[in-house]
Each structure stands twice: as C-alpha cells, then as structure tokens.
Amino acid sequence: MLPGCPIRVTLIAFTLLMIVVIRPHTPPDLVEEVIREISLLGYTPNPIRGECQTVVAAIGDETTHASLESLNALAQVERVIRVQKRYKLASRQSHPETTVIDAGGVKIGGADFVLMAGPCSVESEEQLMVSARAVKAAGATVLRGGAYKPRTSPYEFQGLGPEGLRMLAAARAETGLRIITEVLGEHDVDLVAGTADILQIGARNAQNFRLLVACARSGKPVLLKRGMSMRIEEWLLAAEYLLAHGNPNVILCERGIRTFEDYTRNTLDLAAVAIAKQETHLPVIVDPSQGCGRADLVKVLCRGAAAVGADGLIIEVHPNPAEALSDGQQQLDPEAFATLVGELRPFVQAAGRSF
Amino acid sequence: MLPGCPIRVTLIAFTLLMIVVIRPHTPPDLVEEVIREISLLGYTPNPIRGECQTVVAAIGDETTHASLESLNALAQVERVIRVQKRYKLASRQSHPETTVIDAGGVKIGGADFVLMAGPCSVESEEQLMVSARAVKAAGATVLRGGAYKPRTSPYEFQGLGPEGLRMLAAARAETGLRIITEVLGEHDVDLVAGTADILQIGARNAQNFRLLVACARSGKPVLLKRGMSMRIEEWLLAAEYLLAHGNPNVILCERGIRTFEDYTRNTLDLAAVAIAKQETHLPVIVDPSQGCGRADLVKVLCRGAAAVGADGLIIEVHPNPAEALSDGQQQLDPEAFATLVGELRPFVQAAGRSF
Amino acid sequence: MLPGCPIRVTLIAFTLLMIVVIRPHTPPDLVEEVIREISLLGYTPNPIRGECQTVVAAIGDETTHASLESLNALAQVERVIRVQKRYKLASRQSHPETTVIDAGGVKIGGADFVLMAGPCSVESEEQLMVSARAVKAAGATVLRGGAYKPRTSPYEFQGLGPEGLRMLAAARAETGLRIITEVLGEHDVDLVAGTADILQIGARNAQNFRLLVACARSGKPVLLKRGMSMRIEEWLLAAEYLLAHGNPNVILCERGIRTFEDYTRNTLDLAAVAIAKQETHLPVIVDPSQGCGRADLVKVLCRGAAAVGADGLIIEVHPNPAEALSDGQQQLDPEAFATLVGELRPFVQAAGRSF
Amino acid sequence: MLPGCPIRVTLIAFTLLMIVVIRPHTPPDLVEEVIREISLLGYTPNPIRGECQTVVAAIGDETTHASLESLNALAQVERVIRVQKRYKLASRQSHPETTVIDAGGVKIGGADFVLMAGPCSVESEEQLMVSARAVKAAGATVLRGGAYKPRTSPYEFQGLGPEGLRMLAAARAETGLRIITEVLGEHDVDLVAGTADILQIGARNAQNFRLLVACARSGKPVLLKRGMSMRIEEWLLAAEYLLAHGNPNVILCERGIRTFEDYTRNTLDLAAVAIAKQETHLPVIVDPSQGCGRADLVKVLCRGAAAVGADGLIIEVHPNPAEALSDGQQQLDPEAFATLVGELRPFVQAAGRSF
C-alpha cells in the first residue's frame, strides 16, 4: 500500500481500467515508452492501434499503485480516461438494496416521505418553539435549526452556539421531533452530536475532509449537502469518505448548484436526485429553500422533488421571515408551510410514498 | 425616438427607474457631475445621501433616451442598477390572463397537458411513420422531428431538409398529429412554415435576433428554446422580440442550461419553469431529452416538469435509438415512451391538468 | 455517404477511434450484443476485458457511418468516449504552419501585433470619424464599429444599418484603416461584405450555422467570436464550418465566457487563447472590452492577452463613453486608449511581437 | 449588538445603504407597510416614487440591526439590493497603502515578484530535496509541498503528514527557502504553523470558517486560495474573516474557477487578479498549475499573470511528474521550470517588477 493512504476497504474490487490516449502520429518508439511506463507503474497495458492514433487500455489496482493520471505529464499522452466510477461503498453495485436510516425512530429512505422543517437559525426559545409546534402540526417529523451558522461575512449573525443546541434539545423534549443541525468544525462534533439526531454538513464544508472524518466517527446519521460547485461524482466521493470511515448512515442532500442564473440563488438540480438514487443506495433529501433562495418558489420545487423520487425535504420555516436574522427571503411562515404540505400530498402519493 | 430603434410599443409604460451608485467618499463636485449628466440624458435625478456614499435614483423613458448604463463609464460611478424588468409584452403585469395558444387545433397553455414527441431527426419515411403512430397511440398530439439539424460539427448529419418536411406533412396527413419542427435560418422560414404547425427555434439560435424577427412575421406559433447560457431575463427578452414584432403565439421551452456537471448533458432548470409561469402569461414546455441527454432520466424528469407546473413536454422517441443518426443516447423507444406516459398521469392530475 | 451530410473533405483521415464502456458485471451475452452492434454499424470492435468491466475500442469512418454515440441508448452501455478531435481543417495536425491572414493589407497572425479599435456602435459620422482618427493616431490598423447591433432587448438601439456601413466606408477612405464590422444575418452578408474588410460573427451567433456558411461563401476574412457558453472544442468546430465551406481566412476571437462571477460581465479565458494557438493554425484575437465589460480593466487584460500569445486585440473606443448608445461602461475614451497602447508595447515585445 | 455576532471592528463605518425595490403597481398601503418595517428594523427609509414602481433607499447600521435582506420575505418586495461592499478591512478604502507581507524574510506584495515552487505533495526526502535545490537554483524563494493533501477520493494518497512537515523543515534548513504548506483542519494548525512560514488554505476550505479563524489566530502569514465557485466578493469576505480575527498577513491566491470548459481543469480568472489588486491592499499570487491543470499551459499563464499585475506565482515542480503521487499532469520538471523562469523575466520587468 502507498504511504499516506490509510483507507483500505477489503472485499471491494479496486481493479481499474484506464484508457491512455496517445497523440495522433506519435512515432512508435514514443508509443512504446508509454506502454513501458504503464507496466512500470504496475498496470497491464493493452494497446489498440488505430490508423493514426493509439490508445492503451490499462488494467491494475489503484490502491497499491499510483494513479495513471500522472501519465498526462508525458508529452506524447493526449489524455488519460478513467473508466470506473471512483465510489465503491456508496454505489448500488456494492450494495443493491436501498438503505433506510433510522434517526431516533424516524426512518429515512423507506416508504415514508420525510419532512424536515424549521428556522434557518435558532434565534430564541420562543422563535424556535413556535416554529417547532407549527411544523409538527403540519406533518414534519424532524426539526431543523442552525445553532452554528456559516456566514459569508464575519459581521453577520453566527448563531447562538451551545445556547442554540440547548433550545433544540428543549424543543425535542416538548414536541418529540427529531433534531437536525449543522456542525461547522471538527471541535464541535462531540458537542453537536450530543444534541442532534442528525448531523448536517453544509455545502461550504462538503469537501472539508477532516470534518467528514470527524462526523463519520461520531456514529450519528449525517446529512451531506452537495457543495455549490460539486459534480455528482465528487459529492458521492464525499459520501464515500463518511462510509469508508465507518459510518453507514449517510443521507445525501441536493441543495442547488451555482450557475450564471441570477433569478434564483442556486439552480436546483433535480436530475441529480434521480441520478443519486440510481447510482447509490443512500437516501436523498432535497432542500428547496437553499435550492432557489426564494420563498415564492419553495412550494412548486417541493412538488418537483417528490416527483423525481426524493426521500424527503428540508424546508426553512420561520414565525416571521421578514425579521429573521438570516435568509428571511427564503423562509416560509407557518401558514404557508401548512398549505404547502397539504397540497404536496398527491404528488408524494403519485411517487408511491406517503407521509 | 432614437435612430436605429424601430420598435415602439404603445400603451406600455417604458418609464424607468434606475439607481446610479456613486463610489464611497466621492467629492461633492464629482457627485454633482453625475447628477448633471443624468439630467442631460433626459432623466430626473433623485439623490439619496448616505454617510459615506450617495446613490441617485433616476426616472425617465429609455426608449426616447439612451440607457443610463453608459454612466458606468464615469470613474466616480460604481455601478448602475436597473430596477424595472425589461420585458413588457411578455410580462404578466401587462397581460394578466394566461395565454392559450391554438396550434392547428391543439391548445397549449390551457387545461390539457400537451405531449409533443417524435424522433430527434427525420431519417426516413418509415422511421418517421413508425414513430408517429407510436407516439399518437401513447397519447401525444404533436409530432416532433428535425428536417434541418443544427450540428456542432460540419461533418455530422445535417437533416434531410425539404424531403424531411415532406415526410412530416405525410405523417400529419395520416395521423392527424400537429407538426413541430426546427427552423435554422431566415431563408427557410417560409418553407418550414408551409409545413409546420409550430416553428421551433433551437437553443443555439435563441439570440439569433434576425431569425426571431423572421419567425415572428410568419404568423405561426413559435416554440422558443432557452439558450444554453441564457439567464431567464434574456430568454424572456428573446420572447419579447417575437411579441414586439407582432406574433402573440409564443411558447417557451426550458431545455437545460450549461453547467460544470458532466453526468448530464445539461442541467434542467425546473425552477425556471415556475418562474416563467409566474413572470409571463406564456405557455411553458419542458424538453427533458435535451435537458439531461440521457434516456434513463427522461421518465422522472417528465414527472418533475409536470409537478412544477409545465404546460407540456417535448420528448425524443425513435424506433431504434441505438441506430439513430443523431442523439441516440437520449431517445426513448416507443415502448418506453408508452410506459412513461402511463406512469405520468397521476403527476399531471396532481398538478390539476389532464391529457 | 449519409443522406443530409453535404460536406466531405478529401485527403483527411476521418477514421475514428471510439471507446464503448460497458457497465460493470454485464452478462457476457449482453456484452456480445454491443460488439455485434458495433460491427453492424460498420466499425471494427476491439474488446478489452477487465476484472469486472469490459470496454470496446471501435475503429471506423464516421462520415460513412452513423456515430457510435447512439450506442448510449443500449442499457448495458455506460458511456461512449470519442478519442479523436472532431476538427480537422482547423487543427495544426492537418496544417502545421501558422496561418497569416491578409485583410486588405493588414496581416493578422504574423509578426505584427494587430490593434483593432473603435466604437461599439456607429452612432454618427462625427462620432465615428473622431474615433477613427484617434485610434489610428494611437497605432490601430483596423477600425471596428457596429452598424448592425445584436441587442438583448428589442427596445434597445439596433444600429444604423446601411447608413452605418456608409460611414465606415467613409472612415476607411479618409484614414486608410481597414474595417471590421458585425454581420447579424444571412440576408446581410453581401451588403456587409461590400464594405467590410473583415466580417465579424458575434458570440450569440457563433453557432448560427447558416450564418457561418453564408459568411464562408463571401470569401472575406471572418472573425469568429467564441460563444458565451462554448467549450473550446465547439468554438473550433464552428471555425471548421467556415473552413469546410471553403473560407480559409478565419480569425478566432476570445471574448470571455459566462460564469457565476458578477464583478465582471464575462470571464476572459486567456488559457483558451494559448490552447487555440496550440491546437489550430489560425490567428487568435482577444476582446478585453466584452471580456470584462468594464473600462477600468481593459488595460491590464490587454497586457495579459499579449503575454499569453494573442495575435492582436479588438478594443472599444468612444469619444464620450458616458453618452454612448451601447455598452458605454466598457468603452475607453481616446486618451485612455492612447495611454493603453503606449504602455502595452513592452508586453508585446516580451512576447516577441511588434506593432 | 446582535447575539451571536462576536466581531465588531471599531473605527469602521458599517452604515449601510440598501435599496428595497417594491413590485410595480403595489397599492399605497402595502408600500407603507414596507416603509414601516424598514423603520422598525432600525433603518431610515427614503422612498422614491416612480410612475408605477417605488423604491426605498434605507440607511442604517447592519451590525446593530438585522440585515434588510429579510424583507424579501414580504410579497410586495421584489428585491433588496445591497449598495455597499461588505468587506471593510480588506478594502483599499480602509487601507489605501499596499500591504507588503514579510514571510521569514521574503517580502510579498512589494517590488519583488515572488516565485513559490515545489512538488504538489511531499513524497519522500529525496523527491523533496531534488525539487527544492532545483527551484532554488532557478530563482524561487519559497518552497511549496503538501504534507496534508485534500483528495477528492478517500482512497487517494492523503500526504505524509508530520513526516512530510519534517522533510519540509529539513529542506528549509539546507536551502534557506521559506516554506508554504497546506493546513487541512483546525487540529493541525499549531503543528503546521510550527514548520510553515506561510499557511496555505486550499480552495475546498476557502469557506471553512473555523479553519479561517484558527489560521488567523496562528499569527502566521496565510495564503488564501479562491474557492472553486467563489465570487470575488465572497473570496474577499473570507479574507475579511482572517483580518477581522486579528491576522493582517493575508495573501490572496487566484487558482481558477469551475466552469463548463473541459480542455482545462479550471478557468484561470486573470481579471480577478486585477480586481483584487484594485479593491484590496493585499498581495495576490497566481497558481497556474491548479489554474489549468495542464503542464503545457503553465508557462504562458505565468506570463499572463505577471502581465496583469500579480505579485508572484506558486508553481508545481516535480523531479519526475509521470510518477507523481498526485496531479502529475500539471507538474513541471526542473528543466521546464528553469526555462519558464528565464523566459518570464521580460514580462515581469514590463510589469515594473523584478526577481
């Protein structure tokens, strides 16, 4: 095994098939050089010679040898194409049955369509309680609320911290709702995991690999948001970090990607939900509030999410959005949320789920 | 009116509100210079003075005067913000009732959810007829099929041209399906309009303003695809070209935007469908085949499209996708299409529509 | 040859190498089905069998057979990878020596670094003449100026049309500057080519294939802007349209791509300039005015463009940018342009060019 | 002050000017409601009434009151526009003179153009020493090399960790080069800061706010890479976290943004370099290796970076790129690096710098 490569998942095939494309009209001796280098790196080369261009298919094990992508450094190599998917534990191939996660009794990924709702930030005992009672009454089973807030500017409200966690615990005690809340840093994992039923890893931390490993070790279910500019493959590889470090309870969350469009804060990628359901065995939740950043679109995007096969939703609800300390523009008031849930039901049923 | 500005829509307010933001700590005389220039350009300036920064709200008529955006050229101007939406005829404000378009008897934008389907390209009489009969049997009312194909490479199949149009007309004669087909250039508008019930303007031509004007003048309904990198505002302004040049029968079509994601060919932006329905009075169709470029995702994306309020779908169907001359990877075979339609019904009904 | 595929460039190898990746764990008979289909489509299949996945390298001629990309339609095919570049005539492989284009005596692509400058739009005789004299005095050899303007909104200034062309011709007569001006539609090609020394195809029309063909046939040098969301390969294939339709005088123009960044109008992609110089034999010009949409950045971006190996620049210069009828925010006044040119010289010289 | 808002920078104006745009044709009483709410939130409202639309300019202090962005939650509000820049300490307005940072004697941001170079990852004592001697001989003053590597997949080489740090210290001892190396998590800051002269925060951690705060507290100079999908404003706000938490020694690093282009790994945004130099007083370094992900483009992009005014470069150099354990495709060998540096000199001089 390579130095510095601590993870080795047994019982999984890491045998690779890579395609090394050699530039057209490369002289034969330089083609042979590439073939020799592939052997040297521990792979078996299979050259296919076209009229003016050769490609070499290489077979080997990437965990015991360096990746062939470094061959791009050779002038006569045009590109190196990886054939296999890089996620293993997350893939449906390795785990055909769908994973259902138990978060304090709430089943995620099964027949029930799960509603997670609550304020963007925990702002006060009263604000949280009003929200919690309202979302429960409307049908939610998980309460969201940020005690630690990742904010673009250091001068913005950063969350109430431990005090916020205490309020969340109190809300659970009263309502029975399960708690999901974001963890911002490795240092906080133990503290947050002491209260939360589900740890949330935010979009900005989706490739904070240290945080992924720390959350994996907590043993708690983890909801992993897709990073703003993450390709689906990278998102699933971030989930793979959680799985490979011993935590099987991973929930994926699509929350929009960054594009040039400016009528919405992000572009919600509902095809990614369908792909994640197909490629992996993990539950997939959609965050329409972050996904568009506009309260007026949340209702229809919830319908779209249910229709494409999401396992649930996480929705921002605040007693008085216009005075919210963060993201008021995308939070629903309790009444709008109740209407949304009522009108959502036929779409959830059409998708073969219930709530 | 300005020279070179041929369009003047009467009865519409073109009065503008623009905000000119002056750099912080600009000396008073340079602030006054901006205010004078605003007056000079024919607008009424309203300065608001903050502690260290001044903004000037300007009110005026942009069709009789140059846009204030040119004030960005002044060193002391930080930016110029346009407050008003630039589309007028397309907006719901100017036309509150929803437009229903009659395309040879098929109503688009009304209670019926419209299915348009057929091959990417018209390849032969037989291929088209098999497709037409199949999509009709499954419930489609409009037949799609490209006689002129915009292809990225000049060496790719460019379509059968007039011969393809003839085959489309024959398919209509036999099946009664209405015809939608793409028009690539100004020169072809008359010819294509002679056959088509709906002219399609493709994503690559969505800001080909000459083609927009020529299609507007044809009098035929026009389906306008969103360009690959078009912001929603730009898409609606392209629709505005059609409307302002006298054609009220404009159908919008969301077909995915270009992003960094590479598991799909485009990123289907279903929020854009909801926004287009809200901002405009025009029907909105979704193209899930182009939207993702993968046959295996078309079914769920159709459900998502129905759920967010689309007025219909345009779907690629080919008797034998693996041998298609263009875009085989995203075409469904007739059987898959029939299944898709059957399974789609509850989602369409949940959205309050029928087919 | 396929029906509808009018272009056949002789003396060029169209032999393809494609890689068909079959899904892991596909049963042998379904693998064989793919191999048979490849043969059926006229290609020679070369399977390489890995531990749990097979890939098939296929060799054949894509102009006489359908592209293998349609094999994506088979459920057991994971993806089809094209190995070869799709541009032929544009590539340096087919034409190793660098092309130098003669536009009415101005050499583009040779030792001289070419400065094209002038107003965004031709607005009046005086505005154009003042601009022309100023840019000539500062060192430009080509005058730019739009007589036909592609505008996002139908209500914006659309250019002076034929009158603008007349003014451009008068400016050439007086100053000796060569003329570059945009052509918007097929119908205008003859008229514009009657005046222009170089036809400009704008970013929004970069995949208006009918316009490309019409401009190719004009015989005039054509400057092809990169479309807002065009990958480099697509840009070079648009150039290939011009070349394949008989016009060898193609100038590429990088003008920024659309991204999420909003401090600039576009993101100028200077790496694309270096790639275009390496991949093709064509001259490459940079448009820093469109590239950033801000006059204050034009100067340094010109330096960057020269440094990465551009063959010249096209810069917007207006006698009074704050009152320009289009894009005032990105136009320089004559004095700023003269300063820019003076300060640019050492960078151009460092790049081994002169002006 | 708001609860949970720990940072309060005195002597800086936080007075805000925001523009609240009310939807056209809103009835007067609903307009008044917005105006009242603005007052309630502690801001002074200044309404400007256009023909069919009202905007309200609001003046107030955002650190003592909630942001007005929450007003987007009101149905009659179309949007809320922030006028002021959100970075204060990073801005040139607050600190007009250019900051020069001393990293163990190497001055960054002054007259000298700084070359940082070395392998992507520290792989072995010998690999590092060969690299260090080579880059020093060619003119570098800072040695880069990752001991902790953020890798997309958990199965890829993760760096040698403390052993790698030891090797870096040994390389400094022998060559006198200063050391820059990446810190991945809060827990490692002390350890890494014990060896490094400059802490590097990678693109994936650019909004890992906990890591930013921890690095700020280390007192060491910090090089902050721009995140893959970060707007310039967000990048400068991440720098603001470092500054607001007491560390004045912040170096910005442009390393490309994620776009749809696939001929390069990222799109190097050289306009962002010029903007960062203009908007802030901080030094700006360019990483062309990450910026394009291709060794063959590094040389010209270095020239472009120098030309647009960068303060230096950070370049990946490896004794044998084809066998590198990470990112071989973008690493130069020592000979190519020496050539690059020699050919770069005239561009650096043209930019008024030296090395």
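When the chains are written out, they are named A, B, C and D in that same order, and each has its own residue count from 1.
Convention: a residue touches a chain if its C-beta (ideal position, glycine included) is under 8 Å from a C-beta of that chain, and two chains touch if they have at least 3 such contacts.
Computed from a prediction, not measured in an experiment: that's the story for all the values here.
For the pair chain C and chain D, chains touching both partners: A, B. Comparing the CA-atom centres of all chains against that of chain D, the greatest distance is found for B.
If you compare A-D with B-D, the chain pair joined by more contacting C-beta pairs is A-D. Mean C-alpha position of chain B lies 38 Å from that of chain D. Taking the mean of the C-alpha atoms as each chain's centre, chain A and chain B sit 32 Å apart. With centres set at the average Cα position, the gap from chain A to chain D is 25 Å. Each of the following residues of chain C touches two or more other chains: 229, 258-260, 262, 296.
Taken in their complex, chain A has these residues touching chain D: 2-7, 9, 14, 37, 41, 62-63, 66-67, 69-75, 80, 86-88, 149-161, 184-188, 204-205, 207-211, 227-229, 234, 237, 240-241, 244-245, 258, 294-296, 321-325, 327-331. Chain A meets chain C in the complex at residues 13, 15-17, 19, 21, 24-25, 46, 48, 50-53, 55, 57, 59, 81, 83-84, 93, 258-260, 262. Put simply, chain B touches chain A in their complex at residues 229, 231-233, 257, 259-264, 267-272, 274-275, 278, 291-292, 296-297, 300-301, 303-309, 346-347, 349-351.
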